[in-house]
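What follows is a pair of complexes built around subunit A, which joins subunit B in one and subunit C in the other.
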Partner chain A sequence: MTANIITASGARNPEPVLVLAEFETPKQLMSAAEKVRDGGFNHWDCHTPYPVHGLDQAMGVRPTLLPWVVLAAGATGCIGGLAMQWFMNATDLSILFIGYPYLVSGKPFWSIPANIPVAFELTILLSAFGAFFGMLIFNGLPRFHRPHFRSERFRRATDDRFFIAIDKRDRHFDPESNAAFLEGLGANSVEVIEE
Partner chain B sequence: MKDLKGFINPNLTPGWESPETLNTWDKPGSRTPLIGAGNTDATVTEKVCRVIEGPPTIGWIIFFLISASALSLLGILVPYLIFTGVGVWGVNNPVGWGYAIVNFVFWVGIGHAGTLISAILFLFRQKWRTSINRAAEAMTIFAVICAGLFPGIHVGRVWFAYWMFPIPNQMELWPNFRSPLLWDVFAVGTYFTVSLLFWYMGMLPDLASVRDRAKEKIRKVAYSVLSLGWTGSNRQWHNYERAYLLLAALATPLVLSVHSVVSFDFAISQVPGWHSTIFPPYFVAGAIFSGFAMVMTLVVPARHLFGLKDVITMRHLENMNKIIMVTGMIVGYAYLVEFFIAWYSGNEVEKFTFLNRALGPYAWAYWIMVSCNVLTPQIFWFKKMRTNLKVMFIVSIFVNIGMWFERFVIVISSLANDYLPSAWDYYRPTIVDVGILIGSFGLFFTLFSLFCRFLPFVAMYEVKGVIAGQEHAERQEESAGSSTEEGASPATAMT
Partner chain C sequence: MAHTPIDITTENRSLGTLASGWITAGALLAVIGVLGTLLLGNLEGAFEDLGPAHHSSGTEGAAAEGHSQGPGGHGESHGFISEWSIYHPYLVSACFFLTITLGALFFVLVHHITRAGWSTALRRIAEGISRNFVLMLILFIPILMPGGMDHLYKWLNPDPGDALIGVKESYLNYDWFLIRIAAYFVIWIGVSTYFHRKSVAQDSSGDESLTVHLGALSPVAVILFALSITFAAFDLLMSLDAHWFSTIFGVYIFAGSVLSFHAVLALTVLWLQSRGRLTRAVTPEHLQDVGKMMFAFTVFWAYIAFSQYMLIWYANIPEETVWYLRRQSTWLWGFWGWLMVLGHFLVPFLFLLSRHIKRRKTTLVVGAIWVLAMHWCDMYYLVMPQINGGGEFPFRMLDVTILIAMGGLYLIGMALALRGNSLVAEGDPKLPESLVFENV
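Presenting the complex of A and B:
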């Protein structure tokens, strides 16, 4: 079995950009991923229809920094929420706009308990933005063009098949030897994508 | 999952169980698989995607047309209200908060079950949430849209609705942050935004599945854009799962805060029957209760209509019925405690308010509320009833009605008969009130039927994860049975 070559239509000087190997089960993928990791590859990835547990260790993925982003966003929301309420209801400072000290039933202009709900909601709101948009940015989304999508087989990566992809940026990238290596690890089929 | 009978304890089965209810029984020491036999990754994708790929069914078209006509009522009555004024409603001098606020609290409450299923059950690692969480979250978003409509039109002069937000304006005035009504703006606004992000993020991998199956050009482009180029790469999953966990952890305190803040609208005022510290927990329990009932109302017909019976199984439904029963009893307990505290406080006005609720001019509403919310769910003590589709559907309708009346009793009866008898009046809704209520149901069901038609109804990737876990557990159980030295008991294998 040799690797199928898929060339982008209309490419002038097609060059290989991706080696794509298909596996039947998560178990096969997992043991193959361990071998690829141990082979010293650095720009490669596994594609699975659902998160496969243990694959992070098998691939050697480092823990994400996302929680810190969320913490920073949440702290901004909390402090920003308190500052906003203080400026709008407790001062007559003029910073771009003018604050308006409200006198409500002779209560103090500034007392924390009344300001907790809004500060809390803004903490949650900004943390959620941090989690969602942080995830998108860390994952490089949205990105609609990827060489993977040229493969007809790859459509099943979101259904029931498991893939390993080696990118051309990898230091060991070499379509022929990579394809043979992945076939040796039990891949169903190996494709090389050129564009 | 080969022989389901093997999972069943013969001493426990009374003999009435049908093939559908089989997976609600467990053999001691092990768990019966959640997802029906014979389902693989490919069949799950096929079953869920088929719903939105084929032509619409007759059942769906009829349901959509009925919902859309109810929605058109809203399209007529809301402009009529805005051009004429709130006088078209039945609100009068003591009862300034009529149907609009009753509906608002009702719809916000409905939303809570979706977040409970998607966030709180996720944190508790309850795998049965996976088949129903997508639909429940969609329900949350549509319910909050319905809820948001009411405070908007309730302000009367809707063109001043922007006064609710801290926007710099020509009056150089800011909102008053001491007002619980303003907290509500932030709570409900945050709740809607976070629920929408959580729902959409949970849907990304499934939208990619739909994209990869799409044949027509328009479909392909639309789902490509919606799925943002998701490839299911493990480095993406890594960030994705962490973001999902964080959103769940954020949504959990949020959902508890939202209905607490809604209850502050009442509890922080001085009106007898409202000024009570029990309100936040009581409102949150009631919200979850009503929301689960609405999930039931939607899911029981939908799983039948879309052929998803072995993905949303009887076990899922039975678990929801258990939650309906528990939260129903919490609500019943709150009704009792309110009475006790009214008596124990020694406050004449408070005592009168509660006796007046049960025996006064709104006694009919009070007893509808008690019988629907406290008595009907008690039928779920019987497993035979808990696993009966017709019974659970009817109970869910009763609970929806009961919870609407709970808000009616709280809002209307307290305002109509407060401190001074000279200020009392009886509140009567007008036809416009009723029309707008029906219209809000139309909006809700129209949005929900569009969701069923165009977006994946079940979280496919999560169900696939559950199936992978099931297979893993079965293999371990088999190996534990064959070789005793391995020592893995089925109980640990299931965890």
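Presenting the complex of A and C:
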């Protein structure tokens, strides 16, 4: 059995960009992913209809940096919120940086208890932004098209099939040997997508 | 998937010989605590004055105490007892353990009300700890006796002409107080016993209808729980200063309860694992979730504590601010307030932030012990500044010895509740789900 080749219609000089292997069960996917990981591949991914526990370890995915992004964003929100209130209500530095000191119910201009709610809300807001937009950036989203979508079979990745895709940026990318390798790991079918 | 389900029958899941060890250790601690209390209490003169009040004579008592802390315009009359008595450290310790037990009951109820999966493997331990309400009732009896009440609660014998207590008399009177306390304990003992018994019955029968039944019952139980913990907090702790009030006070106690219970849960489970129990049934995934709950309720506690503080600070009404004034006017309680801010919130918040901290046993133990210590400090902060308007350094060795004695009894109570049954809710249909539970 050889790999199906799917070529983008209208491509002038089609060349392979993706090797896509379909697996029947998460178990097969898991053991295949371990082999691919051990094969030293560096630009590949798994696609499953639902989160498969343990797949991260099987793929050797490094822990995400996202928590640090969220922490930094949250800390920025907290400090920024305090600094903003300090600047607005308690400064009178020069004509360029002038705040608007406003006396509220006899409290000091600079009083932490009054400033905590704003600092807290900004911490939450920026943390959420950091998590949401950081996730988008790390995932390279939004993206409207990927070569995977040329495969009819790949539609079942949202239903009942499990996929491994090796990208052309991978250092071991070579459609023929990759296809044979993935077939040897128990893939139902292997497709090479050309664009 | 990644894990094959654990065969629960191959797991060491009974307390077994550990029960007698706990009972021995608990008895030892109790004896040490009681002896220490008697010895040191005698040295410190704690027992000289256990009879009913000497300070109820109004003019003489109030003048002798010489306070100007009372809310504006009230002169000497104030809403709290300002003399140290042995009942003060006793109340601190009793409330420390009562809140832990309340947290355990909440854990069980919230498990059923949300039909949780992950916590099934841990629920039996929570059920066991929640059975300690019986012990708590016994421990609270000395406080509820007229002598104890009289040394703690000013509203029992208010100063003559104290209008602020006068208007509260229909609520704050001895008979109605006792009825309420009885009602709380009826609810707590009843609910905890019922949920524990049914869960144990399921061990052998595996009857799934029990899960449905307890699930259907839990919303009612949670409402009763919420009302009882709120009013118990008002009665036992807030009414120490009968002039002062804060509607959020019950939530504040609730936050500390759930927080401290999860710390106790983490310590119990890890200790059991170190003795070869539940080594596979409870995984780092469960521990991480217990850590998450500790983290969440650290934040929740801070949120509630700050909500209480900020509204009082902002409104700046004397009869509300007096409670904080008492806690800010001396260096000791000022320092203690910062201990709450930094030690009860900021330090555990930053410490428990990382998932690695929550998954590693040693760090989780450190976090849990810290949280428990801070919870004790919190209880101390609620009770002790009432003494002499916060002007006195109230720490005595009795604070420690009474805590040790009660801790010993608490351990015995846990051993009695947990022995004889499996440490896991074996018949629960959600157990397989819990055993393979993973944080994504």
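Methods note: the second predicted complex is superposed on the first by the 187 of 195 C-alpha atoms of A that agree within 3 Å, B and C clash if a C-alpha of one lies under 4 Å from a C-alpha of the other, contacts with A are read in each partner's own complex, and residues count from 1 in each chain.
Here is the rule we use: a contact is a pair of C-beta atoms (placed from the backbone, for glycine too) under 8 Å apart; a residue touches a chain by one contact, two chains touch by 3 or more.
The structure presented is a predicted model; accordingly, all values stated were derived computationally and were not measured.
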item: Room on subunit A for both subunit B and subunit C (clash or fit); value: clash
item: Which of subunit B and subunit C A:30 touches, first, second, both or neither; value: second
item: Partner chain in contact with A:54 - subunit B first, subunit C second, else both or neither; value: second
item: Contacts of A:114 with subunit B and subunit C, given as first, second, both or neither; value: both
item: Touching partner for A:99 - first (subunit B), second (subunit C), both, neither; value: first
item: Touching partner for A:68 - first (subunit B), second (subunit C), both, neither; value: neither
item: Part of subunit C, among the options 73-81, 217-225 or 271-279, whose backbone runs into subunit B after overlay; value: 217-225
item: Subunit B and subunit C contact sites that coincide on subunit A, given as residue numbers; value: 26, 51-52, 55, 67, 107, 114, 117
item: Contact footprint of subunit C on subunit A as seen in their complex; value: 26-27, 30, 51-55, 57-58, 67, 71, 105-107, 113-114, 116-117
item: Residue numbers on subunit B that touch subunit A, as the complex places them; value: 40-42, 45, 166, 168, 172-178, 180, 182-183, 186-187, 189-190, 193-194, 197-198, 201, 205, 208-209, 211-213, 224-225, 228-243, 246-247, 250-251, 253-254, 257, 261, 264, 461-462, 464-465, 468
item: Residue ranges of subunit C in contact with subunit A within the complex; value: 1-3, 306, 309-310, 313-314, 316, 353-355, 436, 438, 440
item: Subunit A residues within the subunit B interface of the complex; value: 26, 45-52, 55-56, 59, 61, 64, 66-67, 70, 84-85, 88-89, 97-100, 102, 104, 107, 114-115, 117-118, 120-122, 124-125, 127-129, 131-132, 134-136, 138-139, 141-146, 148, 155-160, 165
